[in-house]
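So, here's a batch of structures to check.
Next come two complexes built around subunit A: one with subunit B, the other with subunit C.
What follows is the complex of A and B.
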């Protein structure tokens, strides 16, 4: 187990270093932050002064090693736009994002998994077709289109809910629904597929043939075995809690991490972008690690075969 | 017993608040904008942008000489009631009495002197002779948080006031501005974006420059209550405002990046104003009789800039052909529904006596364009056109239309999409044609043609353009005091930069549109600025 955890943590560390390095190189090669932040009309001497003050006139490799050295000392840098610590800026936005993504995750799981199970248990019936039709619609409609449609209906036409902003809990309803619907559709489809695969297995037939009640067959045999692919998808969803609402936050003017990321990338505010990416990478890696551990819980056969479990992840 | 006391106390506690609310019946409004501030600050010397102009003027910041925001934007008395020339390089101004800052202090000459001090504006930079780029000093303040100025602030300040030596307090209510060189534009510079006055005491009391810049204490009709970068800005009425009690209790700017979200929010009643409305959305909004769209042309022209070092553009005849192949009126009519216009080159009528009413952009003349290309020996070699994705309103559509117009005369101009200004300006062999826009911060061509295309202007600084005669004329325009000679120099500069050796060509005047509820009686300014002072509000 310790060896398993050790190898996972090493992989996680390498992943994070690669993410940070990739982001650094791409951002540096795709534009000079000084010119971008100062704007098109900035006097050249102001751009030069900015560049010198922030060390952007140094060779890229020097900037990279300075940046990495600072990270190792716990310094994630400061925003070039307003001079505050990047981690402070990001931390300010995390509660707003979680206020959308956590309830949305609950909707995804609470709606998507039961819908998928129901569809599988009523295969080829009207219920199955209706659930899958809704799931395909929810899966294929882009979140910005769904968001705007919801605003048109519930804010503009009916006047029941606000169109955007973050002033009260009512402002969160439409963005949460927008985020939740797409994810629920994905989970419904995956859960249905996994359930259908398991329901076709010989041990399900054997259990039924032995006279085990169908409810017990489903809850005791089918669901635990179908849970592995579903848990994998839920793991990805948990991993994207921090920055998984970029589009929805823009449509609903919700001041979360996603909007901060869009603004920071647009301005090449390097420290902020890298801080967000670091957090996202860490969240995703942690989530994957937890999913790997859950495989062992869900399938006792995998407890003593960590390498195989990793392979299936 | 305790409960009874509480019950008795509750109305008493509630009464004062109720009384305040009843006393102030003025409305509070919410304005949806695409962007509140690019720099995450509210300091005029750092936020030199169009979006900044909208929130700053005339709500927060005021200068000694103001601008007539509801008419031609010309100079009007502001925090100074009168001014006179002492010499070609010295101007004296009398301060308006009983002007109160947001912190209750009274404006004095000391605040004016401090507003133009090294500590607040110029840092280590020095007033320089003309024709030289301002050097960045060795002792440039560190970017670490504190009271030091961010490095771009002194650079921007010196660009606005390149030769200002000092400001002198003659007495408590009189100041003199001493320039190193003769300058007929001192009055204009005093009215420009960046020359506003701050409270010295408030600046010194602020814990850091950043905290100051997020909540500046000024004299405007509204004071900053709270600024949440990238989110919202809350302003409240400054009831001691010298220009009369502001008509609104509160103004809230909220950042709504998506245009459809701004429009939906307006229609849903969440916002009273929605800014940055593209022209193609106007008919849809006005179909609802409860709403209207105001606005129009502003002091900003859209240009095409040329890099004359590019192999295909070294010959001025190719650049001239490009200018003659553009049907600007077709663009204005089709993409702007006639809501803007083709200006008379890079100038504005508010230049007044410096304005050349008989000047015009190069005529749309495809035959002339073809002739010039033939003479230049142009054989259809590709000319790159670096383009941002709709940074300007209608930018992509305009570029596509232009490319087809150029193609029809034999020009092979190819769009290259870029992501940011750094990529647009990057000095590589593929830099040839690009978009830009130019403003006129004050009513003289020094603020536009000289500032943007002269020897210290961006186009020459990034190595796109140079012309010896134009550069000599730029110095004459900056330092000359003979009105007739300056006017002639400006005319000649227009001839060079727009006809003979084109540095740029003007496409159309820019415009901005604001949607609002029709029952609100409010008039848009011919600028990004939004005026919510007494006299421009009713409902």
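What follows is the complex of A and C.
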């Protein structure tokens, strides 16, 4: 167990280092932040001074090691725009993003999993076909299209809900639905196929053959097995709680982390972008780690061979 | 003796294609009946259908009675009491027949709770006793094992323990030894025979192996293409096989003594369900085929007391000609 945890933590650390490095390289390749922040017609001396102030005049590898050393000391840098600590800037936005993504996650799980189970239990029936049709529609429609569609109907036509902003809980409804629908659809399809796979297994027939009532066969024998693959998908959803709302926040002018990311990328505000990416990588890696540990809890076959679990996460 | 379980004119079709075409079979209390035939002949389907274990798309007609209680179309609560309680069933692949995420002891205790109302320490003690009875070593510790930690033979013993938990009057064993090593096969067969002696339960042994059936059963039913073509006591079947298919099966067995001879294979293959001949399904492969064979399905004829064959060449015992199939 200790060895397993140790190797997973090492992998997690390596992943985070790779993400940070990749972000660093891409941001340096994609334009000069001094030029962009100071404007195209800023005097060359001013641009030069800006570079010197932010250390952009040093060789890239020096910048890289400085940056890394700072991260290890817990310093994520300051925004080039307003000079505040990047981490503070990002942290301010997290509650707003979670206000959308947490209820959306509840919708995904609360709607998607029961829908998938119901469809599987009524395979090829009207219910199954209806659920699957909705699910296909739900995950094929891009979130910005769905978002605009919802705005068109509920804000513009019916006038029931506001189209954007963050003034009251009513403002959160449309973005939450937009975020939740796609994930619920994915989860419904996934749960359905996991359930069908399990219901076809010989041990389900054994349970029926020993007189277990169908309801208990489903809850006691099928679901614990179907949960194993479903947990993977839910894990990804938990991992994207911070960064999963970039598009939707933009559509609904919601001041969360996602919109901060879009603005910061546009401005080449290096420290802010890197800080967000680091945060995203850390949430993803953490949820993957939890999923790996959950596999061990859910599936006794993986308890003694954690290597097999590692490949699927 | 009245039958414990009686199947009458049992038909099963999947998507309009017949898998069983009229099965009549009685199992008496305490009796051991073997069901043999090639894969796909319907021997497993017969008992899955009888216990209502086939998927919903299977169309089942006919009659299955347990002590004159009709099981076909019975309410789920009724079936749940019968399954595992009065009729238990074990399957071919023990490793995948046990739930991988439930400890084996709990899988036995579940059956004890359902059929004997036992819980907690009492259920656990009884589960341990059952493990001892089916020959699982170190039973007390094994209760907490997972199925993947056990060998195939041990898992089949667990399956048998689950089956015994409800004290069934009939155990249906569907190819219980096919997935196991030969030495383990013999142990499991011996175990089944011992348990039958101890408990007095009836046994239906489904197998493609005539040798296995001959060893463990009193009576044999030979199935071909969804029908029983011959049934007789084990001795009578080996001494006087009547149906050409039975003779073919016996001819394909290597003799234990006497000179070595070439094994006689039955030419051709089983007809596909969508291309079933109008008459006898075995006619296309039969060396004794006559014109009349293709006219209609031959009914079962009693050739001796307790010995019936569904072949036009079978000579009925004078007086009692029994046409079971209309």
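FYI, the second predicted complex is superposed on the first by the 310 of 313 C-alpha atoms of A that agree within 3 Å, B and C clash if a C-alpha of one lies under 4 Å from a C-alpha of the other, contacts with A are read in each partner's own complex, and residues count from 1 in each chain.
By our rule, a residue touches a chain if its C-beta (ideal position, glycine included) is under 8 Å from a C-beta of that chain, and two chains touch if they have at least 3 such contacts.
Since the model is a prediction, treat every value here as computed from it, not as a measurement.
Undergrad: Do subunit B and subunit C fit side by side on subunit A in the superposed arrangement, or is it a clash?
TA: Verdict on subunit A: subunit B and subunit C fit.
Undergrad: Kindly classify A:212 by the partners it touches after superposition: subunit B alone (first), subunit C alone (second), both, or neither?
TA: second
Undergrad: For A:152, select first, second, both or neither according to whether it touches subunit B, subunit C, the two together, or no partner.
TA: In the superposition, A:152 contacts subunit B only.
Undergrad: So after the superposition, what angle do subunit B and subunit C open up at subunit A's Cα centre, nearest 10 degrees?
TA: In the superposed arrangement it comes to 160 degrees.
Undergrad: So in the superposed three-chain picture, is A:3 touching just subunit B, just subunit C, both, or none of them (first/second/both/neither)?
TA: In the superposed model, A:3 contacts neither subunit B nor subunit C.
Undergrad: Check the residue A:268 against both partner chains and state whether it touches subunit B (first), subunit C (second), both, or neither.
TA: first
Undergrad: Taking the superposition as given, does A:46 touch the first partner, subunit B, the second, subunit C, both, or neither?
TA: After superposition on chain A, A:46 lies in contact with subunit B alone.
Undergrad: Using the touch definition from the top, say if A:203 reaches subunit B (first), subunit C (second), both or neither.
TA: In the superposed model, A:203 contacts subunit C only, not subunit B.
Undergrad: Under the stated touch criterion, which partner chain does A:225 make contact with: subunit B (first), subunit C (second), both, or neither?
TA: Only subunit C; A:225 stays clear of subunit B.
Undergrad: Output check: A:252 vs subunit B and subunit C. Expected answer is one of first, second, both, neither. What do you get?
TA: In the superposition, A:252 touches subunit B alone.
Undergrad: In this superposed model, does subunit C or subunit B come into contact with more residues of subunit A?
TA: Partner with more touched residues of subunit A: B.
Undergrad: With both complexes placed on chain A, how many Å separate the closest C-alpha atoms of subunit B and subunit C?
TA: So the smallest C-alpha gap separating subunit B from subunit C comes to 50 Å.
Undergrad: Hey, what residues of subunit A end up touching subunit B and subunit C alike?
TA: Shared contact residues on subunit A (touching subunit B in one complex, subunit C in the other): none at all.
Undergrad: Hey, which residues of subunit B end up touching subunit A in the complex?
TA: Contacts found on subunit B: 32, 38-41, 48-49, 133-136, 140, 142-143, 145, 150-152, 154-156, 158-159, 210, 228-231, 254-258, 260-261, 264-265, 267-270, 391, 419-425, 436-437, 439, 452, 456, 458, 461-462.
Undergrad: In the complex, go through subunit C and note every residue touching subunit A.
TA: Checking each residue of subunit C against subunit A gives 48, 51, 53, 76-77, 80-85, 88-89, 91, 93, 96-102, 110-111, 114-115, 146, 148, 159, 162-163, 165-166.
Undergrad: Per the contact definition, I'd like the list of subunit A residues that touch subunit B in the complex.
TA: 30-50, 52-54, 78-79, 81-84, 144, 148, 151-152, 155-156, 159, 162-166, 250-253, 255, 259-260, 262-263, 266-268
Undergrad: Could you list, by residue number, the parts of subunit A that touch subunit C in their complex?
TA: Its residues touching subunit C are 201-203, 205-214, 220-221, 224-225, 228, 298-301.
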